[in-house]
Structure formats: structure tokens, C-alpha cells
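See the structures that follow.
What follows is a pair of complexes built around chain A, which joins chain B in one and chain C in the other.
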Partner chain A sequence: MASVGRAVHPVASVGLVLENLWTWYRRNWRATVVSSLLTPLMFLGAMGFGLGSQIRPGPVTANLPYVVYLAPAVLVMLSTQVAASESSFPVLGSFKWDQRYFAITATPVSVDQLVTAQFLWVALRVVLSGLAYLAVASLFGAFTDVRVLLAVPVSVLAGLAFGTWVMALAATVSDEGNAFGNVFRFVLVPMSLFAGTFYPITQLPVWSRPLAWVTPLWHGNELARAAEFGHMDALTAAGHLAYLLLLTAGGLLLARRRFHVRLKV
Partner chain B sequence: MRDALSGVPASVAGVSDDAVLVQADGLVKRFGDFEAVRGIDVKVRRGEAFGFLGPNGAGKSSTMRMIACTSPRTAGELRVLGLDPDRHGPRIRARLGMVPQQDNLDNELTARQNLQVYGRYFGLSRPQVRARATELLEFAQLTDRADDQVEPLSGGMKRRLTIARSLVNEPELLLLDEPTTGLDPQARHLLWDRLFRLKQSGVTLIVTTHYMDEAEQLCDRLVVMDGGRIVAEGSPAALIAEHSSREVLELRFPLDEQQANVPLVRDLADRVEVLPDRLLLYTADGESVLGAANRRGVRPISSLVRRATLEDVFLRLTGRTLVD
Partner chain C sequence: MTTQGLVLRIVPVGSYAGRARAVVERSALVNRRNWLLVASGVFEPLFYLFALGIGFGAIIGNQTAPDGHPISYAAYVAPGLLAASAMNGAVHDSTFNIFLKLKYARVYDAMLATPLGPMDVALGETSWALLRGGIYAAGFLAVMAALGLIASPWALLALPAALLVAFGFAAVGMGAATLMRSWQDFDLILLVQMPMFLFSTTFYPITVYPEAIRVLVQCLPLYHGIELMRQLTTGAVGWSALGHAAYFLAMIVAGGWFTTRRLGRLLLT
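Now for the complex of A and B:
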């Protein structure tokens, strides 16, 4: 008698890995609420409402109350943080600690299907936390237009443009993940402070602006604000999108290569 | 327990008994400059329990990963279930069970969820994996911990769960990489019992181990590996008969006196092996050699006459002990 196992369709395989991650999430989602909802709301409260109460609407804030100006950018910041953290220790741990990836690739599931699923999972987590933030922040009146929903896909893309590179790093490092601390300290935090989240980068010295231009966060901020308040010509928008797509694709390809190297030993 | 195994191929009707499940010719695995597997030939037939015996670093795990179709071969020919792993990896893996050296369970899921989630990867429906999980939890004696998280389970329980998980697709070929390393004696015996049942029910087993007692317990046939090469092949009994005497006399001396005693006993046995902590005298009759040694004034701290084991075979073939 033959085995009852069979190789399922590649698309279904990706779905099964997501099902596995979802099974985990259903048991553990509560732990993720703090980081993915409380943190952005604290930023919005302290900076948007608190500090923002002292800031008069003007050309710099697109003539909007500061909290309204800030809210879409906090969405992008949140997406970037969630994408980065979901791509860091959970991925490293699946190689190194519980070695789940090795268990999965011993089944008919291939390495490419695994990488695809892990990528989609990060995207899904970013979408979920973004929607939760949107819902709660709306209750506080931080959003004025339903067009802010357009900012969600944009912020997901900005998050993935950064997260995929973190995933490639997670698939490469073999220590306890010390590199992530440095990425968070020296890339994520400065990026959040200087890439147009709290004020336009026109307020920065001219020489330092190119540093903001290379960050996915700045492109995400520009697009997310344009999505809600709307004034950006199509070509500029296409340019921002193209840059984010390119970064995402590059990070994903590198991550894919690192997964192959690490799993096919 | 029969029910738990009902899906395992109990009969191999329609397939000839000598069907070859694994065939390797000149199989090589290289990592950069390091050659882990240096051209080995292996043939495993359906229903066999086949072993790779060797010390750490002999190339056993690399060989297993190539057979499991998770690691591409560097050179040589390999057929698993009659298919080429390079071209049919997913199709082959669908019919294999793999127990890796280190448990890789989903520690934050329950035991039952681990089995169900894993079964889904092999294309089983939700009702199928639910039923299968219940059977396998029974088989692994984990029914009362079924809905507990895996993390706090004991090492033996995790190992049994990993083995149960590898059976979720009713594999035709089960690969076990050092199944009992790191377990206490009681847990090992429980595992051996489970593996025996599988063997009885007709599952083909491939086991790597550096425990000679495990190899003798489980394997019909085995190869001894050392430094990436196969140095001997046969059944445990045949290997012992070919490469060792029937009995072994072990003599222990105070450390500074051992060397002086070697010349006194050298001609009493077929062969004398000098280990750092003891002398091994290979002979057909250990007791009479011990008597003869005593008459020559040899006074060991302790002496032991035992049957020859695969450890002795390994020592003979490689000049080293299995577990340093």
C-alpha cells in the first residue's frame, strides 16, 4: 500500500504555510496587540494631540490640524515597524531555535513556496495592524477622509520595502540576532525621526535630504499623505511606487537566495 | 495500537519483496572544500531496517538529508522510491517520513495541532488530519498531553511526537537521524519499542546512530561509515563474525601500569587493542585467557568478559571508538 501523502498544488502549498502561521496567531495574537496598536496610538496621542496642540496649521502641515497631518505617517511608521519585527526574530527563530522551516521543507512544500508564504504572512500582519490602528485612530478623529484607506496598501508596500531586507538578514545571521538591535537603533529609529514622519523633510538641511530620499519610509509618507489629502501628480506617485516596488523585489530576491542557501545544506 | 498503524503499509502485495527504495551510486556531498560524503554506494530494499553507523562527522546526516530530498547531491547517482530527487523532490517527500537529529516541532502549538498542521502539508483533508492526529497521539502515548503546548514537554515526549509527526502521511520509507541521542534509558527503550512496531507493520526504516546497541537492536543490515566513506557492510551478526572474535576480555589497570602489562598478555589473544583506559583482548574464550593472564601475574583492577559488539567492529575498522 502506498503512502497517503501527495504533493499539493504550489499555490495551495503557500496557503498551507499561511494556515500554519494563522494557527499560531490564533493562539498568540494578544501578545502582538501591545506592539502593533498601543505604540502607534501613544505616538499619535503624545505627538499628534499633545505636542500638536501647540502647532498652528500652516503650509507645512498642508493647512490641516497637526494630528491629521501626522496620522497617515504614523500608519506608515507602524507598518514599517511591524514588517521589520515580523521579519526579524520570528524568521531567525524558525531557522535556528525551533527550526520549523526545516520541518516544513521536509514535506512536499518547497523553499520557494515557504519564502512566498512567509512574505505574504508579513504583509497580512501589516494589513491587520494597520486596519486596527486606522479604526481606533478614526474614533479619536485623527482621520478626516475615507480616502485614508488608500494609504493602507501604500503603507504595506513601504513596510515590505524595508521588511524584506530584514528577512534576508534574518536568514543570514547565525548568532542570537544582535544585528537586529543595530538595525532598529541605527536605521529604523533615525528613519522614523528624519524621513518626514513628523515634519516635511524640506525642514532638514539641504545636504541631508538625499538620506531621507533613499528611505522607503519617506516615499511611503509622501504617498500616504497624498492618498488622504490628495495633491500629487501621477508621475510623481508612479515614481514613489516604482521605488518601493523595486526595494521590495530586491529584498525578497535576496531573502529567497538566503533561504535556499540555509535550508538546502 | 494496530489501529494507529492501520494506514502504514502492512502488506506489500503487488510489489516484489526486493523492490529497491533507495539506490545510491558514488554519492558525494561537498560543502565548499570539505567533502562530507565521499562517493558511497547504498541499496535499501522495501521492508528492511537499514542503519548508518558511525561517529559524529562521518557523513551520516548529510547522507540522510540527500535521501530525504532536502539537500541536493553534489555528485553521483541517487534514486529514492525510484525517482530522482533533483527532479521530483516534492513527489518523493510526499511519501517519506523524516525524523531529524534535532526535534523541530512548532513549540508554541499543542501536540495535536503539530500533527494536524503537518498532515495538511501532505495534502490530507481537515477530517483526515483530525482522525490521524488522534491515532498518532495514541501511538506516541501522548493522548493525555494532546492539547498541551509542546514547549514544556519532556525530551522523550518531544521525540515521540516528532516520530508521530513523521508518520502522518503513512510513509513508505521512514528516515530517523539519531532517534534516541540525548534520551534517558527508559525513554530510549520506549522509542525502540515504537520503532519495532513500525518495522513489524512493514515500514522501511533507515536509521543513523552512533550507538552500537541501537544498531544491533533495530537494524537488519547496516553500513559502517567513517570520514565520509563506507568501511563495512552487512548484518550486525555478520559484521561481528567477520571483523571480531566471539568474546572480548576487558582489563583495567592503574593508569601507570597498563603499558607494562601489554607485553604480558599480547600472545594470549588473537588481537589486543590498547585504549587509553583499558586493554581489549579479542579471543574465542575470555575466561580461559583471563585465567592464563592471572597465572602470569597480571593483576588488573577489574576484568570483564563480554560478547563482541559492533563497537569492536568499528574499533577494528577505524582504530577509534564510536563515541569519544
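Now for the complex of A and C:
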């Protein structure tokens, strides 16, 4: 490199931050296998095959064997969980514990580039765990149609629509992250249970349905199932996609703001 | 200073000073700040109960109680969730929280610099965990009763049974916590706890499995906790309930013995 200083190209600096995250992950990916691969597979096994054996295919399961009906929703649930956990403690820790973000922004990397890289990193983690789950679950016959690959980008979007808000929260809290526990228990878990994962929300009382409509998970579930099994008109699909994109953009903008506030010198 | 306090400061420390309640008091004071997270323990099993019991009600047909009479799916899954949440709470408290205090916060080193002995610490921590578990179980049982999912006065024994299950898992969990080297080892705990929660007939009858797997499932502690609870809340109580309870007594004795031995070695040398 020439001795005359020259700012790094924006794309290159995003790439550098990503490479940093990847270097860590390359060494420690084994630690994530239990939570991001084995847990969803066991969940699918217990609920899809075990509990599913008690459920006769019918209109509720779109006339499909229960495990086939459940499998795409578990993909979306997994994506949301991975996105949320990757955006919570790791982000808080980079501000608070190892203070990596301060080190990074002390170089020519700007705050915007850092936020972009962190966002892309979460997306990458979600894609990787989603594909791994898809591959193994297919071996057990939980997926029947190759169109399920279309459900991957959908589930990533649903994950980011939730994860970006967690990222904004992580950039805001200054304690040891107690807020995450509450968000996981009072938002993530109920969302995973009620937003159309196990059955269409028409099984639930009418008053509770709007609560499901608000969650990114429900839109993700609808889209992921439609991607594999068909039956959705373009306008409805566009509506779901628009909502997820809007949520993602909103969360990302808020996270960006919080990053700027916290990294201000 | 009281005479008792003075005596405790002068005589050489044993492993038990009879002051376990000071440890319980400490836990209560610490958790006052974070009551929402403590209270949230009540909700998780309830979310599952509503999602599975209510939502699936129309899709899944009747199940059978331990004595063979038909019961609704909600009445079937509720005792399973009660036992499973006793396990989850006890394991979380006795592994994650204990390890944090043992290795990082060094709370126990500080405690042992006072008249408290390792036995006080073990008893106090277990009592706190059981106190919490008892509140959760009582809340869950109250909701079950309100939903009409309790079929017999035997269910009154479900509360002590939940404490027994929690005590058993806490004793073994604490023993495991003293063996852990780093946070990575929690994956191993999760790897035991997660399949047990999912596959120990919490959500569906054991008849789903082929014979060989059935025997395997019947060896798991949670299976016995769930069977015990299911007998009590459906009123189909038989002599086998004593056998299920004995499994947990054995866990308490073995886990308690191992934990006290390990804690003494870890903290007093």
C-alpha cells in the first residue's frame, strides 16, 4: 500500500468487518450447532413426527401429513431465533464487553458500514443455519418439494424483520442484557407458539388473530408454506413481503440511529 | 451482636452452620431488581398450554389417562408441561445460575468467608430454587383448575410432586454444574434437557414409539415425573406412583451427596 493514506472503499470496509466476524465463526461454529441445528431438528421430530402421528391430515393441515405442514414453519421459527440471538448478546458485547465496535470505528470504517456489515452477518448466519436445517430435514422426508428453497429467502427476511429490532435494543441497553430475556420470553416464545407455527391462526379465538398479524413470524409462515405448497395469489404475497420489508427497514434504521448515538466521539 | 452470632464467628467452621436462610434472603434481595424475569417463569408453560391444549383441541382427538379412560388433549398435555417446567426451571437454576455464581461472580467464596458452610450454601440455594419452582407450579395448577383440567382431589398432591421433581433435577443439575469447565459445556446440558423435554411423552403417548425406544424413554427421569403428574391430575392414581416418586428420591440422594462432596472440594481447598 502506498504511504499516502487512502480511505478504504466502502464495499471493502464492509467486507473487512464481515471477514472479522467470519474469522471468529470459523473457529467457533461448533458451539452453534446445538442451538441452530440440533434443537430445530429435535423439535421437528417431536412435534412433526411424534405429535403429528396423532393428527390426521385434513383441511387444517392443508391435507398434508402433519410433519410436511410443520416443516416450513420450523424453518421460519429457526430463522427468527437465530436472527434474534445473533443480534442480542453479541451486539451488546461488542459495545460493552470487548468494545470491538469502538475499535472498528476508530479505523476508516464508518458507523454506517459497520451497521451494514453487522446486518449482513446476521443474514448470513440465518441463511447458513436455514440451509443446514433444510438439508437434514429433507433426508427425513419433511420436505417434499424443491420449491421449498424459495422459503429460505422468505425466512431470512422474517428473521431480519425481528432481528433488526433486537439489534436496535442491543445498541440501546447498558446493563447485562436482562431485557433480552424478557423479549425472548414474552415476545419470541409466544410468537413462535401462536403465530401460525403449529396450525392456521383460524384455530385461535377471533380476538387474538390481530396479535398474530402484527408478528413477522406469521407473515413468514404464510409465505414459506405458500412457497412450498403453492396456493397464494400474487397480491397477497406482495402484501406479506411488503410488511416484512417495512419491518426490516424500520428496525435497521432505528438500529443505525442507536449505533450512531452510542459510537459518537 | 447476638450471642449466637458471636459464637458462630469464634468456633471453627463446620460444613453446616444452620444459617441456610441467609442464603435464601440474599437470593430474594438480588432478584427484587429483576422480578419480571423471575415472574416470567410462570408464563412459559402457560403459553405452551394455551398454544397446544387450546389450539390443538379441535385437531387432536381424545387421549387416554394412565388408567385408560379418555381425556381431552388439554388435560393430557397439561400435567406433562407441569413436570417439564419443573425440570426446566430446576435445571436452569441449578446449572446456569450456580455456575455463574461459582466461577464468575464468586458469590460462594464470599459466603464461605462468613460463618456459612458449604452445606448452608447448598441448602439455601436449593431452597430458593424450590421456592421459585413451588410458586410456578402453584400458578400453573391454578390455571389448570380454572380451565377445568383437574379431575380429582389427588391433584392437591401435584404441588408437592412438582417440588419433588424439581428437587431431583436440581440436585443432579447442581452436581453437573460443579463439573463444568466453561460456558461451552452448557451445550451438553441443553443436549440432555432438550430431547428429554421433547421426547418424554410430554406431548404425545409413549405408544407412538417402537418397543426399543419405549424402553429407552422409560429410563429417562422426566418420563417418571410426567407419569406421576398425569396420574395425580387425572385421578388415575395407582401404586406405580410410588415407584415414580422413588426415582426422584434416588436422584435427590445421589445428586445431593455428589454436590456436597464436590462443593466442599471446590470451595474449601
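What we mean here is this: the second predicted complex is superposed on the first by the 258 of 265 C-alpha atoms of A that agree within 3 Å, B and C clash if a C-alpha of one lies under 4 Å from a C-alpha of the other, contacts with A are read in each partner's own complex, and residues count from 1 in each chain.
Keep in mind that, in the parts below, a contact is a pair of C-beta atoms (placed from the backbone, for glycine too) under 8 Å apart; a residue touches a chain by one contact, two chains touch by 3 or more.
All values derive from a computational prediction rather than experimental measurement.
Of the two partner chains, chain B is the only one touched by A:T105; chain C is not. Contacts of A:Q203 after superposition: chain C is touched, whereas chain B is not reached. In the superposition on chain A, A:V187 makes contact with neither chain B nor chain C. Touch criterion not met for A:L254: it reaches neither chain B nor chain C.
Look at A:G50: by the touch rule set out above, it reaches chain C but stays clear of chain B. By the document's definition of touching, neither partner reaches A:A62: not chain B, not chain C.
Contact residues of chain A toward chain B in the complex are 1-8, 13, 16, 19-20, 23-24, 27-28, 98-100, 102-110, 263-265. Residue ranges of chain C in contact with chain A, taken from their complex: 34, 36-37, 40, 43-44, 47-48, 50-52, 54-56, 58-61, 63, 73, 184, 187, 190-191, 194-195, 198-199, 203-205, 208.
Chain B makes touch with chain A in their complex at residues 7, 9-12, 31, 65, 68, 70-72, 89-91, 93-96, 98, 100, 102, 104-109, 113, 117-118, 120-124, 128, 165, 169-172. Residues 31, 34-35, 38-39, 42-43, 45-47, 50-51, 53-55, 58, 60-61, 178, 181-182, 185-186, 189-190, 193-194, 198-199, 203-204 of chain A touch chain C in their complex.
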